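Have a look at this one before I ask anything.
Each chain carries a letter (A, B, C and D) given by its place in the written order, and its residues are counted from 1.
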Amino acid sequence: MSDTTIEKDPNKPVIPVMEREKLILNNRSYNWITERICGILENKQPAIWWMLFIPSVIIAIVGVGGGLFYLVSTGVGVWGNSNRTMWGWPIVNFVFWIGIGHAGTLISAILFLTRQNWRTSINRAAEAMTIFAVVCAGIYPMFHVGRLWMVWFLAPIPNANAIWQNFKSPLLWDVFAVSTYFTISLIFWYLGMVPDLATIRDRAKPGIRKLLYGIFSLGWRGGNRQWSHYEVAYLLLAALSTPLVLSVHSVVSFDFATSVVPGWHTTIFPPYFVAGAVFGGFAMVLTIMIPARYIYGLHDLITMKHIENMAKIILLTGTIVGYAYLMELFVAFYSGAKYEGAAFFYRIAGPYWWAYLAMMSCNVLSPQLFWFRYCRENLWVVMGVCMAVNAGMWFERFVIIVTTLPRMWLPGDWKYYNPSWVDIMTYVGTIGLFLTLFLLFLKFLPCINIAEVKWTLPQSDPHHDDKEALDDQGAESKASYQHELPDTSY
Amino acid sequence: MANFFPRWTNLLPLKIAVCLIFVVAGLTAAFSYYATPKAQRVGYQPDQPIDYDHALHVDQLGMDCRYCHSSVDKSASAGVPTANTCWNCHEHVQKGSPKLAPLRAAMGVDEDHAPIEGAVKKPIKWVRIHKSPDYVYFDHSAHVNRGVSCQSCHGDIHKMEKVHHDKSLSMAFCLDCHRAPENHLRPLEEVYNLDYNAEKYLLENEIKNEEGERVTTQKQFGELLKKNWSIHPKESCATCHR
Amino acid sequence: MSNRKNNQPDSPVNAPVNGGSKIWRSLGELESTERFQDSLDREFIDGSAQMETEEEREVSRRSFMKLMGASSALAGMGLAACRRPESLIVPFTDSPEWSVPGKPVHFASSMPRANGAVPLVVTTHDGRPTKLEPNKLFDKHGGTDSFTQASVLDMYDPARSREFLQNGETSSRAAFEEALADIAKPTANIGFVFGDDQSPTRSRLATELQAKFADARFFHYEPLSGDARKEANAAAFGDSADVVVDFSRAKVVLSLDSDFLELDQQGPVSGFFKNRFIEGAGYDKKANAKAMNRLYIAEGGFSLTGGMADHRLRIAPSQVPAIAAEIANQLGASYTVKGGITLSDTEKKWAAECAKDLKANAGKSIVVAGTRQSRELQDLCIAINSLLGNYGKTLKAVNTGRGKHGNMESLIAALNAGELDAVVLLTPANPVYDADGFADAAKKAKVIHLGLRADATAHAADWHVPAAHYLESWGDARTSDGSLAAVQPLILPLYNGVSEIDLLLALLDGKLFDSSKEGEKTSVSYDAVRKTFAALADGSDKSWLKFLRDGFWKASYTAATPLNPVSSTSITLPAVPSLSSLEVVFATDGSIYDGRYINNAWLQEAPDPITKVCWDNVAVVSPKTAKDLGVYEKILKLQPKGKVYGIETENAGVGPDGEGKDHANPVIKVSVNGRELEVAIMIGFGHADNVISIALGYGQGFDEHDELKRGPKDEKNVSLVSVNRGFNAYALRTNKTPYLATGAKAESANKRYSIAMTQEHHAMYGRALAREISTMEHDHHGHKADFAAQIEGVKKQGMDSHAPENISLYKQKGSKTWHEKAQADKHLYDERQQWAMTIDLNNCIGCNACLVACQAENNIPVVGKEQVAMGREMHWIRMDRYFSAAEGDEDNPEMIPQPVACMQCESAPCETVCPVNATVHSEDGLNTMAYNRCIGTRYCANNCPYKARRFNFFDYNKRNPLIEKNLYKGPGGKKAIGEAPHLQRNPNVTVRMRGVMEKCTYCVQRIQAAKVKVKARLKNKATLAGGSSVDVKIADSELRPKLDSVRVACQDACPSSAITFGNLQDGDKAKVVRSRNSARNYELLHYIGTLPRTTYLARVKNPNPNMPGAKGIGRATINMH
Amino acid sequence: MNTKRVYGYLAEFKSASALYKAAEKVRDAGHKKWDCYSPYPIHGLDNAMGMKKSILPYLVFCGGTLGIITAFTLAYTTQVVIYPTVVQAKPTNIFTTAAFFPIMFELTILFSGFTTLFGLLALMGLPRLNHPLFESQQFARCTDDGFFIAIEARDPQFSSEETKTLLEDAGGSNIELVEEPAP
């Protein structure tokens, strides 16, 4: 079936209405969308894909594979940690990746609940990013322990020793939170993909592709009796994920907030971590989506509107984070607790002042550019800021962990911390791993939610044709579900 | 176009799911049984250089545990008899028995117990049966001196012609007793009496508890002893791990 | 495997004096039939047969390892494997005396030392000596220092000398015996060089030797012996006279550059510390400032004694006599000082007031001079003391009866003059390395060297004889007060070494005793020692047994009659050191003494008490001098200030030397006595200007890995432990300048040398951690506080002055915040025992005795320099020490040590965060650590405010951390399994594997042992009662360990009885409870509310109000809030 | 020879609106066993088809409840009943429950999530890889841009003629009788 463009009747009176910005430009047809998105994984990948993929794989294997093998065979000592700084880079990276892993589910879930329809173009990629980020994150706490082979002690399974876990430990909460988060995100992501997998299946020639996509699309038929359940399920998952997202990073923050360490022991941590996570997550989404958009020519699907909205969220969350930073300082000063004050003093002025400076400028200052429409619309600026934020979020964790531990309570044990080359190698390795997984995702899975994007097209409205009678550009461009739902897109 | 997947594939997922459930359940069951000390240790019955017969010595000849395991009530380790402990009797008993060749070698004597010139005494190498891990510090004296019998952990040694590992001796095993010692406590005089039977003992000697009613079962008896001897077994790590 | 004899000592401490043993032995000796001899000789090897597995064979180089008749004996040889291999139990054929499988046996022995033997109680497990404790029978308050504690490791040192060496080449025992035969001709001129320790048997043999070898000459030499003092004493009190100091009687002590509390001991120090307790040694009196003695010191660089001092005068050591003279003059003498310093008014006042104080306490005072200080000072010291009439009261001049021996100078002279055919070196020193000029002179005679280490001398000598460690050999010694001390072997010589007495006997009767040969009697030196004892004490078996059992025999030197101390009344001093002519002080090293302990990994890793440097020595200079030398641009401040975004503020930034693994100090080139040395330099707070103190003993050999490319050089003289360690200050030292050399030059060498420190920040930064008060009234902006008020104020120093009381939501029974409403299960709280510890900072001097004792007791691994630099040292006790400058002069800071170990918090932050319940609270108030449950998340350590937890980042116990980069080779690294030090392990403590957390456990193994012991009381009671045990009732109170009977390792070792440990349930009867009730008692970081069970008692300074700067003393923390 | 089994009629509609109207017609015609197929969920089609609301939410609620109970039981029994341990002087009784909340929450979510997944699959009758509709050539486009209505032969109202005309009247184009090979 061809393009459904609406030819107008010249005798009809024109009622002038403000043109409403469209989510999908140029009145694309269903088929165009299908072609465009499936094309990405049906056609050969552009050279740039290989140019990114091959190095990523190598880095991942050497960094993660090699690094961890050396670590396990030799001992945690190959990392830079010491009796003074028991948690160094590994936990910094863990929190960093977990943070990144928050945008995806958040975009899908919260924006879905709040009927932000612009999410449809980006949520799939964002969710994928979540999964991969959590995979990277999970590596650290796991390999960070001294006796990897005893890690099963963390699982509450009956044993001959008749001894159990300590359910009061934030670390155990963390184990549960992160694994739950990973599972739910995976389910959410996969369910969302089923109809699209079916699309690919139906386009595929009989063969291995058809077999695999066939299996993973579970025999989806797109009947309304499936759709109605499907939508309820999706709504439920969204409703479950939203508090989950908030909880997970709160629990991660408990690792610090429930301790007695000066500079960690603060009630502001949960909200501040969550905001930070959203902040960093969105930045990461943009950092990977902007190039993807360019490479695969998705300009009509991922419009400036999307990018601008995300820029606004970054601005908002960035400001929240900035507020948290300042609030910490104020509380430390106001509490009059010498040790608390000192902890923050050493963050700002101690041996790691540069980290604090980097954090502040990247996380608090750089997003302020987004006050200006120009900066929100100039992709180079957006890209730049997002890069800065990514770095800044890493530094935030560095500041929290590495600058606090070497200057804690007793000056007698103060000692500078340096990461080892293995630390660095492993971190770079996880970046490689992340890219590898994401590139594979682009190659084999629909990176944009086909069904939902079609859903946002004007003609998807069942009453679309009726309204052809009164020729109302505004109305027609605005699908009926948008009449009925609370309109909060701007 | 025809269906890509044949019709039988429709039930396949279900079948796979069911199989998985069974496999996983089976593996868990197998692991949780075979990977426990119970399955690993109980029944371990190695050959000894001299097939020493506890049944004979203890049950028939009525020797006391402490004759050979002399440090059981003094030290953490019960101690394995030195060769000359055996020699005390076997210098005269069972002279020249082939079974005792290792003992004679240890004492550096020949068949008719004449010392061999310049013989190097070869100690008897017993094979260890009960062994707690290196990080477990079990103290025999602490237990036997508080009314816990050898039997509680080693089983009916006195009936064993060839000793085997009788109880699991897993941490859970220890905890069971530490949590409910009353099931094992017995009068100090009876600790080394492996034929002891609580009910029988209580029939023979009349024992009353605070309330003045007669104690008849091990449990009540244990409770009484626990109270009299103020026994509070510990469950904290440092009790056994240092 | 060769047969060997039972060389167990006769009678253990924990045996009855006239025990059955006596009979058993005498019976045996009576009918010394072949059979009996066999059993006596052979049972041990029999027991030991062959090793079972490759590993076990490695584990024990020697048979005795298999002496364990017991199952538990192998425990602690590494964490368990999950599936056990078939293991064997090999009992003795005949069970040896005293041995109850799994029970340690304690024997009394003693360690011969130059400043008097240290009576010890040695713990042996299955024939392996594992731990040394002070012999409390001899001195109730006595302790041991780190050297003594660590000496047990020396015995197991795998690098110990095992071979006879001829001209540095491996030779054989037989060859040596031949050589000995033709050296030891009666006509030969043989020179015997002894150490400074006193051994009656040796003295007796010396006379016999004199008789045999008419021309034999005797010398004594130790590099730090200090001939000046000996000469001065000889001049004053006659030959071989010495002065024993008795601090217990002294109210005022003046130390003239003497570290008499640690490295320069001149008498038992327990007396001094007894007078430091202001509430009495038992904390049973009311705090009374009068009860406290007062310590003045004039010294160059900080010493531990200087840290204790109430008044410390910072002055170049060469100028100390000036002060002494001033004081003497104040006391009525008339000395004129030529050259040297002109005392400033403050210094004059200092001397005057000090003199006044001394005078006021005439007869109750002591003046001690640094052993190696100049003759002038020694004479001055004697003069002052006699002016004060201290001799016969606080000072005892005694005749040690050593006889007139030559010293190194005369030895070298004799050698050069060719008066000696042979020299027998029996001194623990290493003269080729540490005596200037000996190496060349020695070429002129045959040199026989007896030593534990194959060191420079061993390789240079014609013959080197591997020595037996004192724990392996029979001998005797004299304590500082002249009592006889027994030296008993706890084990056969590991490497078949020869004891000093064995060698002397060999020279006498030409037959060298071989402990490994069959059919010999126990030991020839045994007889020799007994003979001596019979002569000195009495010959009866009873007293001999008592001697061996107690480890000492009370006796004393004969008092020496004071000749009239004539001495020149005019003193000439070298010029005051200046930048152009610096003063170099050859300091005694806090870790390896004079270099003899350089192979001892424990001592090497123990941080220097003052500089906190491990594994190296450094040249210490004052901040000002450092700047003047152009090494640092600006003076390194004690509490550095830094610019924070333009604002100048106090800031513990990273110093110019870097921190952690980057820490590298600048290297300077020192030239003096026409020699040069490149040495790393370090800022020493409170150090005299233009003075460079360099500790002796390091730099004995280097290999290709050396950081400064000094190697390979003398590689064969050193072991893995001692290679590439520090800088050899002996190179600068001559016999003329044994202690300090003036006129030195120094310039930057534009190099850096990496330094591993356990503490890199030296100030408290306004945190009232190690608290201090003063007996003197405190006046702070008009707020007056007398002593009593200050004591009351201890708990309110620092944050605690305004932080509100911490109210915990949760309340645990027994905790301060407990109330009956909160239900805690019975099994979580023990009515019988609740353990606690107090550390009295008023007595703690910050030596490393506790630290090393803990290492010995708890199988703590050594990690090596690199790891220490990274902050991965494993010591369970972190010996923090803080400098605090009184307002105004940063140049004269005070030094306050603070040992920090696990505090066993009642509300321990580490516990709640462990996800696997590996560290939970025990019912008796311990914060237990189950190594086998730990997975190593390290969260606990993060959450520990005291940073008292240590993590096994590598398999320090399996992989030898001292081999270059070995730890980082993983499975490829060299294993250390079965190296001799593993035999020192305490079988009652798990040896931790890689990846688990560890920390102080209050020596839980000792606590458990005590608990088990009391469990036997039920049986005893039942037995006594007769009848059925059922009717026996035993109360909780009866099952409580005996009052103060549980003593932890650090407490036992502490020479100043600063550590008190005990059971809170004992109430006031327990010393620990009384000390906790002292007003000086405070909790470290009280305001977090961790309720630590280990608490500190604030330090009290006892300044003389009239002294200059007295106001500022004892004020380290008092104004903090 | 292979007999074929009739599945039903499949008709295509040109747009969502068309499908919507057609659905209403079919519903009014009283058909039961039929369904509308579209590449994306069409809003309001449930009413147009006269379907009931999904029961999934109730299942998920049960799942969640099970989760929270599991978590609490696990934590409480192990920490208070079986092996109470004192950590940081915290109580070993019911008052310690506060510390269990995070895990109780997480398990609630986890269990709900799983119930959603498996509940959904059950309700949708998936996975089902083989379906008669896949026999139809044109049906493949339903996941792209096709809108279809299929009325099954099992439907009581089904009759080869009327159904066909019904679909034609509803505006269905290229109407096809879908058959599958008999088993």
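Please note the rule applied: a residue touches a chain if its C-beta (ideal position, glycine included) is under 8 Å from a C-beta of that chain, and two chains touch if they have at least 3 such contacts.
None of the values given here were measured: they were computed from a predicted structure.
Nearest to the global CA centroid, when each chain is reduced to the mean of its CA atoms, is chain C.
Counting C-beta pairs in contact across C-D and across A-D shows that the higher total falls to A-D. Taking each chain's centre as the mean of its C-alpha atoms, chain C lies 79 Å from chain D. Here the spacing of chain A and chain D, counted between their Cα centres, is 28 Å. Each chain gets a centre from the mean of its Cα atoms; for chain B and chain D, those two points are 60 Å apart.
Centroid to centroid, with C-alpha atoms defining each point, chain B and chain C lie 45 Å apart. In chain A, the residues touching two or more other chains are 162-166, 168, 170, 172, 214, 219.
Residues of chain B found to touch two or more other chains are 4-5, 10, 175, 235-236.
Shared interface positions of chain C, defined as residues touching 2 or more other chains, are 909, 912, 914, 917, 920-921, 933. Those residues of chain C lying in contact with chain A across their complex are 642, 644-645, 649, 651-654, 658-662, 759-767, 769, 798-799, 802-803, 867, 870-873, 878, 880-882, 898, 900, 909, 912-917, 920, 933-939, 941-943, 945-947, 949-955, 967-971, 993-997, 1084-1085, 1087-1088, 1090.
Only residues 4-5, 10, 32, 35-38, 168, 170-172, 175 of chain B touch chain A when the two sit together in their complex. Of all residues in chain D, only 83, 85, 127-132, 134-137, 140, 180-181, 183 touch chain B in the complex they form. Listed in rising order, the residues of chain C touching chain B in the complex are 3, 35, 38, 42-43, 45-47, 49, 69-80, 83-84, 86-95, 100-103, 826-827, 830, 918-924, 926, 928-933, 988-990, 1001, 1004-1005, 1007-1008, 1011-1012, 1015-1016, 1018-1019, 1022, 1028-1036, 1039. Chain contact summary for the complex, chain C toward chain D: residues 808, 810-812, 815, 822-825, 828, 906-909, 911-912, 914, 917, 920-921, 1091.
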